[in-house]
Structure formats: structure tokens, C-alpha cells
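Shared between the two complexes below is subunit A, which pairs with subunit B and subunit C, respectively.
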Partner chain A sequence: MAEEKKWYTGMFSTEDWWSFWIGLFFVLVGLIAAATGVDISGWVIGFEKWVDISNALQPDHAGMMSGISSLIVSYIIFTIATCVGAYFMGMDMKKYFWAWTIIFWLSAIVYVLSRHAYIQATSIERADFGIGWSLSIGGAHYIVALFVGLLIGNLAPKSFREFMYHGARPEWFIKIAIVFLGCKLGMKVVDSAGHALTLLLVGACATVAAYLLFWPLVYTLCRKGFKLTREWAACLASGISICGVSASIATGGAIRARPIVPVMISSLIVVFAVVELVVLPPVLTYTPWFQEPMAAASSLGLTVKTDGADAASGAITDQLMRTRAQQELGVQWEEGWITSASVMTKIWIDMFIGVWALVLAMLWLYYVEKRHDEKVQKMEVWWRFPKFVLGYFIAWIAVGVLGMTVIGGEAMDWGIHPFESTGRHLFFILTFTSIGLVTNFRKLAEENMGRLALAYGLGLLLIIIPLGWIIAYIFHNGMMPPTVG
Partner chain B sequence: MKMEGSQTQEQTNEWQEAQHQAEPWEEWESKLVKYSLIIGVAALVVFGALVNLFVLP
Partner chain C sequence: MSVKNMSFYHDGRQWIARDEDLEVAAPSLTDLDGKLREEIKSLYSPQQGTRLTVNLDFDYSTIPHWMIQYHPYYMHRRLEFDY
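Right after this comes the complex of A and B.
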């Protein structure tokens, strides 16, 4: 069987490749828009915070069309794109189409409702919305989408749940989002001149050290302490050490773990990230970490394991610390630097997805599955390499290089932002809804899932958070946000 | 075609299969852990020193 494989085998039939094709297709659309100035990318639907629901929907390029038109156009275009992929992957088209449609509109409704200003407005934004209080839960839409998905996935009639599996493809959706994430890295390269360069440099150094310590310690804890199998231990170690859901899925792809492994671990990651999001910002603000705001923010990038929760916890910490600084020290720190420190570290951690996936693919190939008399083909490394990671690197390099040379940063941001940010968030919420739909609580309650949750929780408490704090301090001590004026 | 109707059963099977007994710890795992930790500690010391000497001041 293996002898018949060519380098291009699976190029039009696997989920991995279809994440690559769909992700890069839209990146190309963004690049063409950036290069020509023709607005072919601004239609992507953005979900804004609102008190008046007529402001809840906006196309990425405001004014291009109405919000509702943008939502319908986004639905049509992303439906066509994913249906093409589904067709070539041999799915049942009719069932995929209807299940996808339900997931898309359900996610859109959840997104709109969860963006209400009373739920998500920060303390600084309250005045803009004319409200006196808000819960300030950034990223609440992901939590609600997960919750709604879980409700349906566990309580709906069995026939409906089984039907929804045809469109609930969390791994596929997150892989497309990861290709879009590559654009974000490219834009950071374009924007990194000046103060951000220092942050970029120390963030990179912190990440290299952190990752190479996190992963082996958590892997050992899982294997020796909790007696988990290699596939569970590797996916869990990657999920808790790198960037959560994406890393767990990339690792699962690299070591050819059963699909259920990264999906189950993703559920844990999301739940723990929500807890961290609530607990860590006040802990950092009202402890001696307040004296080291940039180090504290960087530690969030190392310890909070989803992009959304990390950015949200960085934003909350930013607000809490600036408020305390103004009240107690009489200084006004510039907004956004504390958030940037948390996001910057996270970006470097995101880069490790590809590197580590390749390392693990090779280890699994040469050590786990190696047959005694059979020489492992070198092409196996290519076949096993997660192709969406390739898309992520291509997007990153294309946006970074073109943004710094022929296109320019401003034009690049205009053209690529609809996918780099707005489209990525849309695919994130589709992922969270889908994770909920395919996650069965009866399975979560089983003995092994409890063991996994305990392994994850202890790994986080005993390894990731303490080490993350030490490393963040070593690489960011003494850094302060610039003051206003 | 057969995958559509049997996805739940397929996932149940996957879950059961995924709960195999842990494989014994092997030598290559020791090496992976050992070398990752050595490189990680070295990176922490070297990068930490460089950053604190040349970047943070």
C-alpha cells in the first residue's frame, strides 16, 4: 500500500489538505485585495459589541454593505468553500450542507447574543455604550458556543445528534483558522518596528525556553504519573504546553492519533482556559506581580492555552492593572501594552505548532511504528507533516514579506484583516460549537476522562503556571508600559 | 457511504480503542525528555543572560 503512495497522495481527499487549500485560497483573496486596492475581502462578517442590536453585525470593511448582507454573503461563500472540500473528501453532501448550515447559523446567533455590551464591554468601554456595569467577559461567545453545542450534543434526540456529526468538524474548522493565524504573525512582523521589536525578541526567547521545559515535564507526568498511552500523553502535553486546541490537533495529526484524542483534549483545554481567564487576571493584579506588569502579561501568554482566552485575559489584566496604577501610583500607563505582551508571547508559542509537529512526526515514524526489517521511507515525513501547518507558514511568510516590501503594512492590513482576524474568529466559534456537538458528557464522565482532567489540572498547577511565571519574570523583568504623555 | 450512518458507533469504538493500556516507557522517550530538558535549561540560561545583559537594560 505504502509503495503506491506519491508525494501528492491525499492532496484533494484529506481534511488536512482541504484546510490548506481553503485557508490559502482566502489568504490569496486578501493578498489580491491588498495589492490591487479592489475590495474583494471586506465582506467577511464581524460581530461587534452592542446595546442596539442593529449595530451587532458589521462587515469587516465597514460601509461595504449592511451587516445582515455581510452575514448572508459570508454564509454563502464559506458554504461553497467548505462544500467543495466536503465533496472531494467524499462526505454525504446533502447531510453535510444541512448540518453545516445549522452550525453556522447557530454559531452566528450565539455570537451576536454573547457580544452584548452587558456581557463583554470592558470597564473602559462602558461609557461608549452608555451602560453603568458589565460582566467584562471577553471571549464569552466561545464559552456560550461550547455550552450550546454541549447541550445539543448531549440532550438532543439521538437521531439529530448523529445527523449533526456530518457537519460538526472541529478539527477541520480550527485548521482553517490556523492558516488564517499565519497572516496574523505576518502582520506582527510588518508592525514590529520600534518598541514592539524588544517585546518580540524577549517573547521569542521566553517561548523557546518555556516550551522545551513544559512539554517533556508534562509528557513524563502523564506517562509515568497517570499511566496514559503515548498518543494521549503527547496530545495532552502539546495542548497544555503550546497553544491549546491547535497544538493538540496538530500533534494528533503528526502522530496519527485517533481523532477522538485531540477532540477530547480540546474540550479540557477550553474548560481550563475559561477558569484561567476568570482567575489569573485578578491574581496577577492584586499580588506583587503588579510591580512587573509586562512580565505578568507575558506569563498569561505562556499559561492560558487558547488564543481567545489569552487575548481576553491580557485585555482584562491590562484594564485592572492600569486602573490600579492610576489609583495607587498616580501614573497612567498606555493602553494595550500589557495586552500586547500576553499576545506576543502567545504568537511565538503558536509558531511551535509546526516545529514540534514535525519533530513528533519523525519520532513516531522512526521509533513508535518502525518495523524491524523495514526501512522507513523518507517520504513518510512529508506524508505525516500536517499540511495545514504548511499553509500557516506560507501565509505568515507571504503576508510578512509582501507587507514589508511591495504592498506595504497599511494596505496589507486592509486587505488581509478580514481573514486574519474576522474570518479567523468566525472559524473559531464554528470550532467551539462543533466541539460541543461532538463531545459526549457520558464519555467525559468515564474514568479515563477524569484521569485526563486531573492530569491536565495538575500539569497546569504544578508545571505550567509556576514555570511560566519564572520564565516570564526572567525575560521581562523591569519592563514597564510607556506612560501617557 | 457507510461512514455516515455509523459515525456514533465509530466514535464509541474510537473512544474504547483509545483507552488502551499504556505502553511501557521506552528508551527513546527518556532521550526525548532528557534532551528537551537539557536544551530548555541551556536556552533559559543563555537567552536569559543575553536578554538581561543586552536587551532589558
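Right after this comes the complex of A and C.
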């Protein structure tokens, strides 16, 4: 039965809130470990580079337990956590559990195999592994996971593909990972407040520029160039300019569009995002963008739609650029900063989607369609606000403040590292596998997709990517990731 | 009665609003709102000078399953009918 929506509606039934609850639960576990010295967080499984496969698995706190035990414990604990969320979200528990289990173990196998030293060891690491050559493909595990997911998602029998959708939740997994990423920024506040805060501020500036430039230009291209109706042009403009599927849905709802509009556009967004995820990281790494790693990463937040694909492309770029920097420049950039830059811009973009939806709703209802019986509710700004962002900032502030005061940096790092780093990587690879599973290239062949796909592709190539690169450069040029050692 | 909560969705051709007491369908939202106003008037006979608020909650389960993880809801409409 329909109920009147309150400010707390959905707090225990939506995926966004459950990324908040699960993310912060584990952050709390890390904080308790840090504060008490009792090791309740070190069990999280880490996947190491190896030549001897017996060294491939290791808990974050080495020696706490065997690698296999850590993997099984991690599976059990994260299964319980996500199943609790799935239950309250009203999912089919049996289907979720089995689909999740397949995704977890498939991702783990891919992670282990892809971390072989012949694939991932840098030139500097070869001697340590006793090998004479390696491909040095940092982040290979993410790409392999994506392609395994794509193979299943596009070639497996339809019944199996649809079954796997029950566990393939890339947005949920990446939002949990982003809450964990907040801890990393918190640790950076402990080490040096300036860098993290600078990233926060320039991300905001880049976002405002993007909203004010991208949306009107793409809307005009759709209306004048492709003769799309207002309904289609507005949803496509939001989808391609702001935060992808989320923006497409929010805009469709704001302007009271028929649901088929955001549904079709979202199908396109997901496919194009995967293409960008594969193409952009090597383009940025092996062009002059390599000299501006933070600007390059921020450009991903402006140009790659969907939180999952953006964070994923940031993670791959992080790995590729750090590998190249280590091999060619002899410099070791700290892991996670390039990822953080791509995520930060996207987070600012996500935060404003509620405001944008409110603005569009008021424009449409009061000026375009003049429906005087209907009232725009200002609570839309809160209802549409991405709750996982609250988790991200709470983690950031809690780790930063407590790490600088009562707990101390060293203890904080010990307690929180399993989630800030190892756990984050695990949820990233789950995201990659899931992105592949839900991306169906058959959608492009569906009726009436051609003109939309062309509008989307041209908008991306002619407006979003070039302007995104310019904006990212203007606000981030000269920023470099901190170095290690 | 001053507030009525209903769910609504689009079946590919028209918008449909419903609750336990009534169901209204129309090709556009403007038409739907007009029909809803009249149906409520005939069903409940609201007194002259009263205002009825109708909260229309879009049935999100009609959106493809893979999409709903991206955003918490599609739309909530609030209509205010003055009689």
C-alpha cells in the first residue's frame, strides 16, 4: 500500500542506505580495533602478487590466520553483512545468496590468477620474484574480472544471466567501497590535512563548472541536432552530463517523463560507461596526461558515468599510472590517490543531483507544463541525496579526527587498514565482475536505440570528454599524488 | 479525509493510479489528474471549500530490476485538489 514519504523513508529498504549501514559498520569495527588494540579487523583477505601460489592469499594482518582461512572468513562475514541488507531490501534471498556466492568466488579466482608475478610484477619487482620478465599490467585483475563478467553477461543462457542479476549489484558494492575510501582520506588528514582538503575543494569547483556547461550544451545538441523531444533531451542530457543512470532516473522523475525514457537511456549509459572504462585509463596513462595524474583522474569523474564505472576506471588508472611511474620515473606514488581524485569529483556531482532534480521539477511543472494542481516537494533534495556520500564523509571525519587525537595515527592505520585498503580492493573487484554481468550489448540493437546511441556517442565525444578534460586540467593541474618512501 | 495515498505506474500506453477504493487511467498526467479529481469528488463528495491532498507514489517495482540500484525512487507526486 502506498504511504506518504517521510524523511526517513527507505532508511532500511534501499540500496543506497544499506551501503551506508554496511560501510560504516565495518569502519566502526576498524575504529574499535584501533582504539582497543584487539584485532577484530585483520581477517580481511588480501591478494598478493605471487610466483608460488601458496603466497597468493594473506589476511591484511599477516600471521593472524592462513590465507585460505582468511578467504573463507571474509566470504562468511561479507556474506552475512550483504545478506542482512538484501533481506531488508526485500530481495529473493535464495537467489541473492547463490548469485552473490558465485560472484564472490569467481572474483576471488580471477583475482588470484591475475596477480601472478608474470602478469603484474613491475620491472623493479622482478628480481624479488626471481623472474626475468613480466607484463607489468597493474590492475589486470580488474580488467579480467570485467571481461569474465561481460562474457557471462552477454553469452551465457538467458536464464542464467537473469539469475546472476540477483547478485550482481555494482552500484551497491562500489558505494560500500567508497565509504571505505573515506577512511583513506581520513588517514591523509592525519598525515597531512592540506592534500585531502585541496582535493575536496577543487572537486567541488570542477563539478559546478560541469553542471553549468555540460547540461545546456548536450540538451541543445539533442533538441536542435537530433530533434529529440524535451522529455528525451532532458533525460539524455542529465544521463550524459551528470551521473549517468541515477541522473537519468532522477530527471525522468523530476519532469514526469514516461518511465520508458530513462529505461532506454540507462541501457545506453551502462554500455557506454563500460567502453569508457576500458578505453580511457590506458589513453590517460600512455599520453601526456601521465604528467598530470590527478587531473587525469578527475577527468574520469566528469566523463565516465555511473559511480561503479567511474571508481573502477579510477582504480585501473591508479594501477597503470603507478606502475609506469615506478618503472620509468623511479617514483612510487601512494596507492589510492588517483582513485580518490576520480571518486571525489563524482561524489560532488552525485550530491547535487537532488538540487538539479528540484530545479528541473519546478521548471517543468510551473513553466513548461503548467500543472497547477501539483506541488513540487523540496524534500526531493534530501530524498534524492546519495546517502552513501554521508557514509564517505562520516568515515573521513571519524578516522581523521580520532586519528589526530585520542587514537593516534599508527594505531588508527593498524585498525582501519583492513577495510580502507584490502576490503576496498575486494569490493572493487566484486564491482568489476558485476558491471560485466549487468552490461548487455544486445540493448544497442533494440528498436529506436540507433538515434539515441548516436546522440549519446556524439555528445560524449564532442562535448563531455573534451570539456571534461579542460575543466579537470584547469582545476587540478600541478597536483601530484603523495610519494611513498 | 484530507490526505489520500495512492500508487501509480505507466503500462506503456497510459498512466494508472490506484488504491483499494479506485483506479484511474489516462494517457497523460494532466488527464490523469483531471480524472482523479472527478472520481474522488463522486466517490467521497468532499465539502465545498475543502482541500484534499493526494500523494501519488510511483510503483518502483515496475522499473527494470537492474536499474533500481542506481537511484532510490522514480517520482512522488503531491496533488492538491480544492473543492
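By definition in this document, the second predicted complex is superposed on the first by the 254 of 485 C-alpha atoms of A that agree within 3 Å, B and C clash if a C-alpha of one lies under 4 Å from a C-alpha of the other, contacts with A are read in each partner's own complex, and residues count from 1 in each chain.
Here is the rule we use: contacts are C-beta pairs under 8 Å (C-beta built on N, C-alpha and C of every residue); 3 or more make two chains touch, one makes a residue touch a chain.
Please read all numbers here as calculations on a predicted model, not as lab measurements.
By the document's definition of touching, neither partner reaches A:G336: not subunit B, not subunit C. With both structures placed on the common chain, the touch criterion links A:V438 to subunit B and to subunit C.
By the document's definition of touching, of the two partners only subunit C reaches A:S266; subunit B does not.
Contact with both subunit B and subunit C is seen for A:Y165 once the two complexes are overlaid on the shared chain.
Applying the stated contact rule after C-alpha superposition, one finds that A:E369 touches subunit C and leaves subunit B untouched.
In the superposition on chain A, A:R258 makes contact with both subunit B and subunit C. In the superposed pair of complexes, A:G409 makes contact with neither subunit B nor subunit C. Of the two partner chains, neither subunit B nor subunit C is touched by A:G457. Within the superposed three-chain model, A:K5 lies in touch with subunit C and out of touch with subunit B [touch as defined at top].
Residues 165, 258-260, 438 of subunit A are contacted both by subunit B in one complex and by subunit C in the other. The residues of subunit A lying in touch with subunit C in their complex are 1-5, 10, 14-16, 165, 168-172, 244-246, 249-250, 252-254, 256, 258-260, 262-263, 266, 306, 369, 371, 373-375, 377, 380, 383-384, 438.
On subunit A, the positions that touch subunit B within their shared complex are 91-92, 95, 158, 161-162, 165-166, 198, 201-202, 205-206, 208-213, 215-217, 219-220, 223-224, 227-232, 258-261, 264, 363, 367, 438, 440, 443, 446, 448, 471, 474-479. Interface residues of subunit B, counted against subunit A in their complex, comprise 1, 4, 7-8, 11, 14-15, 17-23, 25-26, 28-29, 32-34, 36-37, 39-41, 43-44, 47-48, 50-52, 55-56. Residue ranges on subunit C touching subunit A, taken from their complex, read 3, 5-7, 9-10, 12, 19-20, 29-30, 33, 37, 55-58, 62-81.
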